[in-house]
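Here the structure comes first, spelled out in structure tokens, and everything after it is commentary.
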Amino acid sequence: MSSTFIGNLALSIFGQSHSAAIGTTLDGIPAGEPIDMDLLGKFLRRRSPGSFPWATTRKEYDVPEVLCGIVNGKTCGAPITAIIRNKDTKSSDYDNIRDIPRPSHADFTANVKYKGFQDVSGGGHFSGRLTAALCLAGGICLQILARRGIYIGAHVGSVGHYQDQSFDPMAVDKSIFSALHDMSFPTINREAAEDMIGSIQDAKINGDSVGGSVECAAIGLPPGLGDPIFDGMENRISRLIFAIPAVKGIEFGLGFSAASMLGSYHNDPFCISKDSIATSQNNHGGILGGITSGMPLIFRVAIKPTPSISKPQQSVSLSKMESAALSIRGRHDPCIVPRAVPCVESAAAIAILDAILQPCNLEK
Amino acid sequence: MSSTFIGNLALSIFGQSHSAAIGTTLDGIPAGEPIDMDLLGKFLRRRSPGSFPWATTRKEYDVPEVLCGIVNGKTCGAPITAIIRNKDTKSSDYDNIRDIPRPSHADFTANVKYKGFQDVSGGGHFSGRLTAALCLAGGICLQILARRGIYIGAHVGSVGHYQDQSFDPMAVDKSIFSALHDMSFPTINREAAEDMIGSIQDAKINGDSVGGSVECAAIGLPPGLGDPIFDGMENRISRLIFAIPAVKGIEFGLGFSAASMLGSYHNDPFCISKDSIATSQNNHGGILGGITSGMPLIFRVAIKPTPSISKPQQSVSLSKMESAALSIRGRHDPCIVPRAVPCVESAAAIAILDAILQPCNLEK
Amino acid sequence: MSSTFIGNLALSIFGQSHSAAIGTTLDGIPAGEPIDMDLLGKFLRRRSPGSFPWATTRKEYDVPEVLCGIVNGKTCGAPITAIIRNKDTKSSDYDNIRDIPRPSHADFTANVKYKGFQDVSGGGHFSGRLTAALCLAGGICLQILARRGIYIGAHVGSVGHYQDQSFDPMAVDKSIFSALHDMSFPTINREAAEDMIGSIQDAKINGDSVGGSVECAAIGLPPGLGDPIFDGMENRISRLIFAIPAVKGIEFGLGFSAASMLGSYHNDPFCISKDSIATSQNNHGGILGGITSGMPLIFRVAIKPTPSISKPQQSVSLSKMESAALSIRGRHDPCIVPRAVPCVESAAAIAILDAILQPCNLEK
Amino acid sequence: MSSTFIGNLALSIFGQSHSAAIGTTLDGIPAGEPIDMDLLGKFLRRRSPGSFPWATTRKEYDVPEVLCGIVNGKTCGAPITAIIRNKDTKSSDYDNIRDIPRPSHADFTANVKYKGFQDVSGGGHFSGRLTAALCLAGGICLQILARRGIYIGAHVGSVGHYQDQSFDPMAVDKSIFSALHDMSFPTINREAAEDMIGSIQDAKINGDSVGGSVECAAIGLPPGLGDPIFDGMENRISRLIFAIPAVKGIEFGLGFSAASMLGSYHNDPFCISKDSIATSQNNHGGILGGITSGMPLIFRVAIKPTPSISKPQQSVSLSKMESAALSIRGRHDPCIVPRAVPCVESAAAIAILDAILQPCNLEK
């Protein structure tokens, strides 16, 4: 279904980088939920490029317009459609990529799939611009979750070879999320941020880009959310996370580190904590058998370096079927990782709200 | 939908570890496809415990019975349902886990979700036993793919701290798959296998278990398969891979290694090779923008150590809400990784066939 | 998805008329529901041909085997798969229909769709035999609904030109369902039944068949079930009802009769009845805007005459592309309507349970 | 999923009668399809009220704005989102219906389902206004079908007791569709139209409304479209047709008339016609076993009288739980049937295009 996610919620993401608008429809949101548009705008600004050295100089004001589904500030049970107009577009920047696909972009594969009819401007439907629509949906879900005591936060886990400190999986707190949400470059360790920003500036100066990772946590989740086999929390979250371009991997709990461990070390003993069941360590990242355990849900996402670099690159001319040199013009992020942080939070929020809105049972 | 995957194919996985049978229904397979039952049986035996030191002593004969959908050896267009009877079950082994959940198993979370009505025997629907049903479906898909020149193979990427050599992402060949499929402990480097088996035996002697990883490749894929946003190849494969219990992470192409790279290094230049478009290196793992590029598709999966260990562990009594010691009886795999190899291939095969069966267009 | 229904429940129907077994998987049934297998068997026998003059002489014992999903008589939350073995099959009866399609059967259209690979025996996946699998699923749903005070019943509304009395839409009572369920030829008016049976016997003697209709009611439904636009109760029920071969129409409330009415006559005034909102007449058939009103839900289904008749018919030879006479051998129902009654109840039960299991909301 | 239809296409319908806009997203339309916006506008005007005596005086200009998915006049493979702004809205007309639900409207049932948070203005998401969004999607699908030689047309089958002539099921021709599409009150028999318009004017004068029916045909369909069990053409079309408010029934081919027939009369013999397989009569309405036969596909839809009438009616006050008289103000159609004609065509077009875009098979 490509751009339509169907679970307990139905979510569609539409638009191209340079179409009249991008947007989202969220179908299945309960009626009566207050949606704070200022808060939503503020959330979207976390994804905006701003005037930071790590981001594109394209200006995106990202003021969402709600077309329907919200009446007098509250959801009315009908689908919510919200759009963002595209403004500062320069389609002429993309003239040559119809013939000469940019390395590690979707230009070539989209050309094959859509037989040349794809929208090439700005990467079309494959552009990172579409994550603004994901954040629109995610920002709404985050507000609904927060009202139920469920909070989600993420930070830049690494950029290049510089690592941020990780969340303490036993003690993730709402306050750390608040602090992170207020930072333009959200890290737990402020010194790490400086190193990371330095490496991004180096890349920028060299006409290059750099990759990184994002760590995300969700707290306040009741145990028992999620489903076995194809709709476990990992399946759900992964399906949404890979909607973010440039994501190349995801791991839950200890993830790939668990692969080298002994069971006696990795297993998390159950214990009683504050009259309820908990685990005395949290290597499992809050998910067992696809279902939430009530412990903080923790995952990490690998993000490749932005493929758009101004350094000359080697490609091919599709029309001539011969080698061709490519210099990418246009405005691009030398590192997409800080702007990916609210996107990762959004994907997690949608997945978690989807799991919460599970089919339930008329009382006997 | 928990145990029903819906894409272009519909796939359901049903059964519990100790129910009368487990099985699968595959709806949407084209008519007229020969299915070789001997080949399917042979594929299933790759998942069977055999009498190897790394596997449970539970005997699973895993002889599939096709109930419908195949007539005279060929698919007839109707749903294919195939089952495997459960035989060597010892439910009494699981009497105490209803009250005392096993650490890092789904016992506790399933108990919350299903309010105590879940099938606890052998882990019920959450058991690794269910991967035999996944392999039933996967084995059928693999035959259909092979007929179209698409081949999938995987190997044990690591066990504990021992690593196998990786696939050469530019030169994965059908012959390496054949060789791996014939090995009971499939590695590219035979010496690595010995070290790995040794570490599994050590774990077993200590009443412990050990984790690892699986690397999988698919070759012969045409460019242009997959969809943007929610149904990219990464989304599809992830959704199926996390159906395998114990998987904690997945990465495509260079995956988490890409996170520390510069774009100029990570980007894969396009080139002409044998009159068609290729890339001169394959860091992207055969997927760009969610869509296949025609290069080998490569991903790696992290598998946690089997949570069932015979070492005494700490847990709680759900009825008494107090700490309780737990000793797990029953027969378990000290390392699930080698048996996970055909499961990973199965998940990949289903995802790829699902992408191939894309909606297409009546000719104009 | 053809044979897989996806809503809040996932339901698959599998099997062919002469395959080893037919069956169903129901995924999403809440855990802890007692399922009475005797009651289920009794329900299935209402669909069985018995030794009645209106039914085929094929013997179908229809003893269901539950493969999984039910433990100690209760649902465990995992998918429920139940099968019925096919026994009294005579595939040789169908040798010639591969080449000479039976008029008004699916032989020709299935041949085009499946390129000749379809299972022709007994109509394969298109056979009325598959409704036994629908009744398996429906019988389970009916038990779960009854426990919540929701009852469903149907009767033969007409056969040929003979009409049964209709349900009183304001006063459908559980007792009338009980009475109908005990009849081999369920009608409200017993004299109508005699006339109907007479017309069926006439058709049988003449090597012919006759059509009819079924009226179905559901009571005890709370107001507020169903969804707007594509998932109203009418959409849901229709989608399931047309899974029954030979159904050619469906109408809700007054249905086609409403088309000739004035609004002032058709509109149902609201009133207070027993401290809750009701309507003082029930032309709307219990559904307004796709959502239940709390009044009895009533619909009628048109069933064409069984296409299998022993009278000689005109068809074509697909291999020779020329006219060909056809005499249908095999055992067939001269009127499928009485056996369709539990099938219609099943479709309604699945649709209603699907609507009841609506996504719900974690408490704020 | 309420307002999201998922098949081979994904279709969402969003908006409320008085929200900023209504619209649709169509995901899965092939790339490269020219979309003629003038033709689409013309199609939408067939649904517009115009200044006809049978229609509301609400002015709806219904100028669609394409937000994305179409580039340089052609589909680009990304989701197509198109919206229509709501302009001539008078929300104050609906102040009292929050407390006093209109008989045979969705006011009461929506109030229960959405706990009072539903948008009551103009009926909110349940308004007939939403069919403009259905027509937006349908108009696009109709253009794509026409390019493949598939044409769909409908006419007013009846209003009150006046019947139009039916399509000749053996000889539906494109020219009759063209003629019907040019009429503001489309009937085959022009005299019938006069009688119908007269009965609508009578109803209007009396502050009343009147019901009717629509007959629809599709020609040029290749045999072999559709799927068994839950996704037959009848299931698909029904699911979409019941998205039109006020529809109370649907029948295919002879429909309810088939219920009184003998098989020997109803069965349609196969014959050879112009070197291909046809039937010598078309009682089956172009569908056998859920799959198209290649004969004209024909169905009829029952439409209840518009529930909004200005005659005083009896209802209840939800706040006081007592009887209350209701006089409906606002502008309404005394007969919705002529405006339903393009809506029925739209539902059919979406269902048929969905069936055409069936999963297909990479060549072996």
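Chains: A, B, C and D, in written order; residue numbering restarts at 1 for each.
The rule is short, and it goes like this: a contact is a pair of C-beta atoms (placed from the backbone, for glycine too) under 8 Å apart; a residue touches a chain by one contact, two chains touch by 3 or more.
This is a predicted model, so every value here is computed, not measured.
The chain with its CA mean position farthest from that of subunit B is D. Interface residue usage between subunit B and subunit C, two copies of one sequence, is largely shared: over half of the residue numbers at the contact are used by both copies. As a whole-number value, the distance joining the C-alpha centres of subunit C and subunit D reads 26 Å. Computed centre separation for the pair subunit B/subunit C is 38 angstrom, with centres defined by C-alpha atoms. Subunit A and subunit C have Cα centroids separated by 45 Å. Of all residues in subunit C, those that touch two or more other chains are 1-4, 6, 13, 28, 78, 110, 113, 125, 228. Residues of subunit B touching subunit D in their complex: 8-9, 28, 30, 78, 147-148, 222, 228, 356-364. Across the complex, subunit B is touched by residues 1-4, 6, 10, 12-16, 19-23, 25, 27-28, 31-32, 65-69, 71, 74-81, 83, 110, 113-119, 124-125 of subunit C. Interface residues of subunit C facing subunit D in the complex, by the touch rule stated above, are 1-7, 13, 101, 103-106, 108-110, 112-113, 125-126, 130, 158, 160-161, 203, 206, 208-213, 223-232, 234-235, 238-240, 242-243, 245, 247-256, 258-264, 266-272, 275, 277, 279-280, 283-285, 288-293, 302-309, 311, 313-316, 318, 321-323.
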